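The next part holds the structures, each set out as structure tokens.
Note that subunit A is present in both complexes that follow, paired respectively with subunit B and with subunit C.
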Partner chain A sequence: MNEKAFKRRKLHSILFFLLIIGVAFISAYMTDFNLVEGMATIPTALIWMAENLIITTDTLAKLPKILEKLNETIFMSIAATTIAAAISLFLGIAGSTTTAVNGFFSTLARLIASFARNIPVVAWALILLLSFGQNSITGFLALFVGTVGFLTRAFIESIDEAGSSAYEALTATGATYFQVVGKAIIPQCLPQMISWILFMIETNIRSATLVGILTGTGIGYAFDLYYKMLDYQAVALITLLIVAAVIIIELASNHIRRVIL
Partner chain B sequence: MSLLQVKDLNKSYQTDTKVLKNINFSAGTGEFLSVIGPSGAGKSTLLRCINRLVQADKGEILFGGQDLLKLRKKELRAARTNIGMIFQHYNLVPRLTVIENVLHGRFGYKSTLQGVLGRFSEEEKERAFYLLEKLGIEAHAYKRCDQLSGGQQQRVGICRALIQNPKLILCDEPIASLDPHSSKVIMDHLKSISEEMGITCIVNLHQVEVAQSYSDRIIGLNNGSIVFDGSNFQLDQLYIKRVYGMETRELITV
Partner chain C sequence: MDSVYLKRDKAGRINIKAGNRVNSVINWTVLSLTLLTVTAFLFFDYTGLEIGRAIMETAVNLRTMFLQPSLNHFSWGEALFQVGVTISLAVIATILGAVIAFFLALWSAVNLANKWVSKSIKIFVAFIRAVPTVLWVLIFAIAAGLGSEAAILGMLFHSIAYLVKAFSEAFEEVDKGMLEALRSTGSGWWHTIVHAVLPSTSTYLLSWTFLRFEINFSVAVAMGAAAGAGGIGFELFMASGFYFDLREVGFITYAILLVAIVLEVASTHLKKRYFSS
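Presenting the complex of A and B:
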């Protein structure tokens, strides 16, 4: 009996594996993707990169200008994230089942969050571009909206997970709603919330580059400009700087996380 | 006159199943009252109906002369300051210090702003330290609660309830997650609270023997109804069978 069950499970795994391979082949066929041809172009691509993406002393002359743009992007991401975090805190408290004031606000908060979150940041940038034009406000708003969506969701989860028992106990002592939220819920969830905010700052610096290409601001604009001028050395420098910036921010936020948790 | 009087209390979470059916009992000042019964009998719901963490459907709960079920928000808040509560899982804020958690018990007496800003008077702080000393955990006053053992955390919970200056303390399975020694420490403290301070204690318990050795009176709940209400020596085999649906020898009683 047991052996039979094992055999059946084994058969299931094999069938599942074959199914995945089948799906891969069908998708490749439908999109005219040829794995062998694709692989064959890799060496040529690498050679092109090695020939063109070289940083020379000429390029380094452009460094101050590029750094200025990079700064703009980093600070815009931080500003968008922190302001979004403040809004998300209220939405999160309203949306969590533990601290919900009433069903209407709870549903509204969740609705705003999922609407903001499920539209990609790039799509937000393109939509906002129509009304706000090509400037840094558009980029800021695109990041802001996406961040509100994500952080509200994360805050709701944190509060639901950590808050309910202390909420019950403090309500029983006769504490008011704001006393419970201010003195039990927020202190308990704060480290987790800060952790999410740091994560969002990292993510937004990456997104800001892409959004910048569309809205003509920050490092994304510089990337787009040099790319269209065929100045590939500068493009390489920008790419390298973005990677460095993201890594530095990531290390810094990991350190902060270790300290607060 | 009794401090607490529950009359015809009814509660159902879904329309077809009743959790509490026509509950009637009273508790006097300084009385130590245990509520026993199998899981799902309605013990926790009963306690939570008293301080209205759960809204009862029908009935009256007279506490110090007023019907708790009829109170509006502000009056309810004032009434809750007189009722402390102790939980199975302590329900402290784990990241805050012991002393902060104890002072949380004073929020009921403060305006929202005073509470949110954390303004406590010297007397309140002295009282908090006095209570911590009384329960033997003053050495841990500045430690975070998540660094304490279960028994110590429960003692913080007791301090938080006592600093309210309550007339009644509701204990929802206070020793269900504790080891035998910590359980004894906690039960001894609860007993002395009711005897020395004259505070009424209503304690939900799973252990029949513990209920029998500590209580002045025991209430047995089964399936939402009171099937036993009497002193601990009146609780014999017959009634235990009525409460749990089986004989004592089929139960782990210690």
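Presenting the complex of A and C:
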């Protein structure tokens, strides 16, 4: 590389950084965000956390009630993910270029997935809340829609990546479409798909908290309730329990992933 | 010839899947997920749910939303401004997060830092990641007050945790020989970072940062709705929770959808360019 190219590259990186800094300043102006003030609140917030987020024996009396809510959230996210995975399997097979039946269904599947995925879970939760009311099904459906969108994209990618050789080989033997899909495509992509499903369960437990705050279900509702009652010990307990649940599920799915991938 | 023990089924056919651990783990996982799902439906709280009426109503609502979107409580200019605020929240959290995560990731990559420092940063970051963003925002809101500051700090925490993991994995894949070559010339730690690690990972770092930006946009919408951070998410919350104005909800949803699709197309493009091996 000659000197000129080096100089040009340097100029490019400098321009890029100036651009980023410019965008950051515009954003800070739009949101009234003051960097110095913002950073200064971090220590204050941390000190406050250390002083107030302490679990006492009083709080432990609320444990059974909170655990019940946490259970609801965990079950909600597992159920939403599993059922969404079943639907996504069909959409994924219809949407992938390897196994597409025809162009119309393929585009339709991708369109549904894109629509479901790009409208945020919050919007789904608020829309569904209007007619489904305050119960587990609202949260379940909100998570379900977002998960279908995400998993369909992931499944389409896994099927595409697996390649078409097995598909061609089975078609050459005269196997029907369903035999090919059942005996070649699904067994080949299953480990990848399960890995995505496990990933989605972890993500959904976190999103379920958010959905819970909006729709009044599960652990999110419990958090919101104690938060508004200024009962910060209970808030600390809930946060800790969510962390424990997420980490346990993460460890379990890492273990499964190590075996199957 | 030695006799080989073959597992056969009742009909005498050879069972080719016998003893395959991968298959049994997959079967167990699928089975237990199905069982958990069935139990979930038995334990759900169905208070006040009339499924038939709810589905009909949702269908009508969705039709009103998506076929007749309109603005009633604020103007086009304001809508654009609110979308801008949401994007700005995401931008600040992503940029600050990426800068801080870069340094933390340097100290948490096993080939660049002390083993114990690396381990403790990784555990700390895993803890931060396990707490949902909205809880961070609400916790910060107690100290900083509800608003953009708490939202940005909460999102920042989560972005840092996510990016440290991604960045440190990228750093750990840097060619060992390159680092050794530089070290053998007597160059210092910062020298190796600037001249070996940074050039060979910069495209990865930028792509990961952009992916996080995409996530942060939808998080910013959520924070507006759930934690009063302002922006289009807050307008969405007001439109559906206070005004019950489905047409406005439809308009806002379209606006969010548009931004999200633009970001997704851009990130797919980036992924194809930099992550395809």
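Here is the rule we use: the second predicted complex is superposed on the first by the 258 of 261 C-alpha atoms of A that agree within 3 Å, B and C clash if a C-alpha of one lies under 4 Å from a C-alpha of the other, contacts with A are read in each partner's own complex, and residues count from 1 in each chain.
We adopt the following convention: a residue touches a chain if its C-beta (ideal position, glycine included) is under 8 Å from a C-beta of that chain, and two chains touch if they have at least 3 such contacts.
All figures in this text were calculated on a predicted structure; none of them were measured in a lab.
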* Asked: With subunit A superposed, do subunit B and subunit C clash or fit?
  -> fit
* To do: Check whether subunit B or subunit C contacts more residues of subunit A in the superposed model.
  => C
* For A:Thr173, decide between first (touching subunit B), second (touching subunit C), both and neither. => first
* Applying the touch criterion given at the start, work out whether A:Pro191 contacts subunit B, subunit C, both or neither, answering first, second, both or neither. => both
* Partner chain(s) touched by A:Val259 [first = subunit B, second = subunit C, both, neither] -> second
* To do: In the overlay, answer first, second, both or neither for which of subunit B and subunit C A:Ser165 touches.
  => first
* Partner chain(s) touched by A:Pro64 [first = subunit B, second = subunit C, both, neither] -> neither
* To do: Quick one: classify A:Phe132 as touching subunit B (first), subunit C (second), both or neither.
  => second
* Asked: Touching A:Thr41 in the superposition: subunit B (first), subunit C (second), both, neither?
  -> second
* With both complexes overlaid on chain A, what's the closest CA-to-CA approach of subunit B to subunit C, in Å? => 6
* Overlap of the subunit B and subunit C footprints on subunit A, listed as residue numbers -> 190-191
* List of subunit B residues in touch with subunit A within their complex -> 51, 53, 77-81, 83-85, 87, 89, 91-96, 104-105, 107-110, 112, 115-116, 118, 157, 160-161, 164, 170
* Asked: For the complex, which residues does subunit C have touching subunit A?
  -> 21-22, 25-26, 29-30, 33-34, 36-37, 39-41, 43-49, 51, 53-54, 57-58, 61-62, 65, 81, 84-85, 87-89, 91-92, 95-96, 126-127, 130-135, 138-140, 142-144, 147-149, 152-153, 218, 221-222, 225-226, 230, 233, 236-237, 240-241, 244, 246, 249, 252-253, 256-257, 260-261, 264
* Asked: If you look only at subunit A, which of its residues touch subunit B in the complex?
  -> 165-166, 168-176, 178-180, 182-184, 187-188, 190-191
* Structure fact -> Contacts from subunit A onto subunit C in the complex sit at residues 20, 23-24, 26-28, 30-35, 37-38, 41-42, 44-45, 48-49, 53, 71-72, 75-76, 78-79, 81-83, 114-115, 117-123, 126-137, 140, 190-191, 194, 197-198, 206-207, 209-210, 213-214, 217, 220, 223, 227, 232, 235, 239, 242-243, 246-247, 250, 256, 259-260
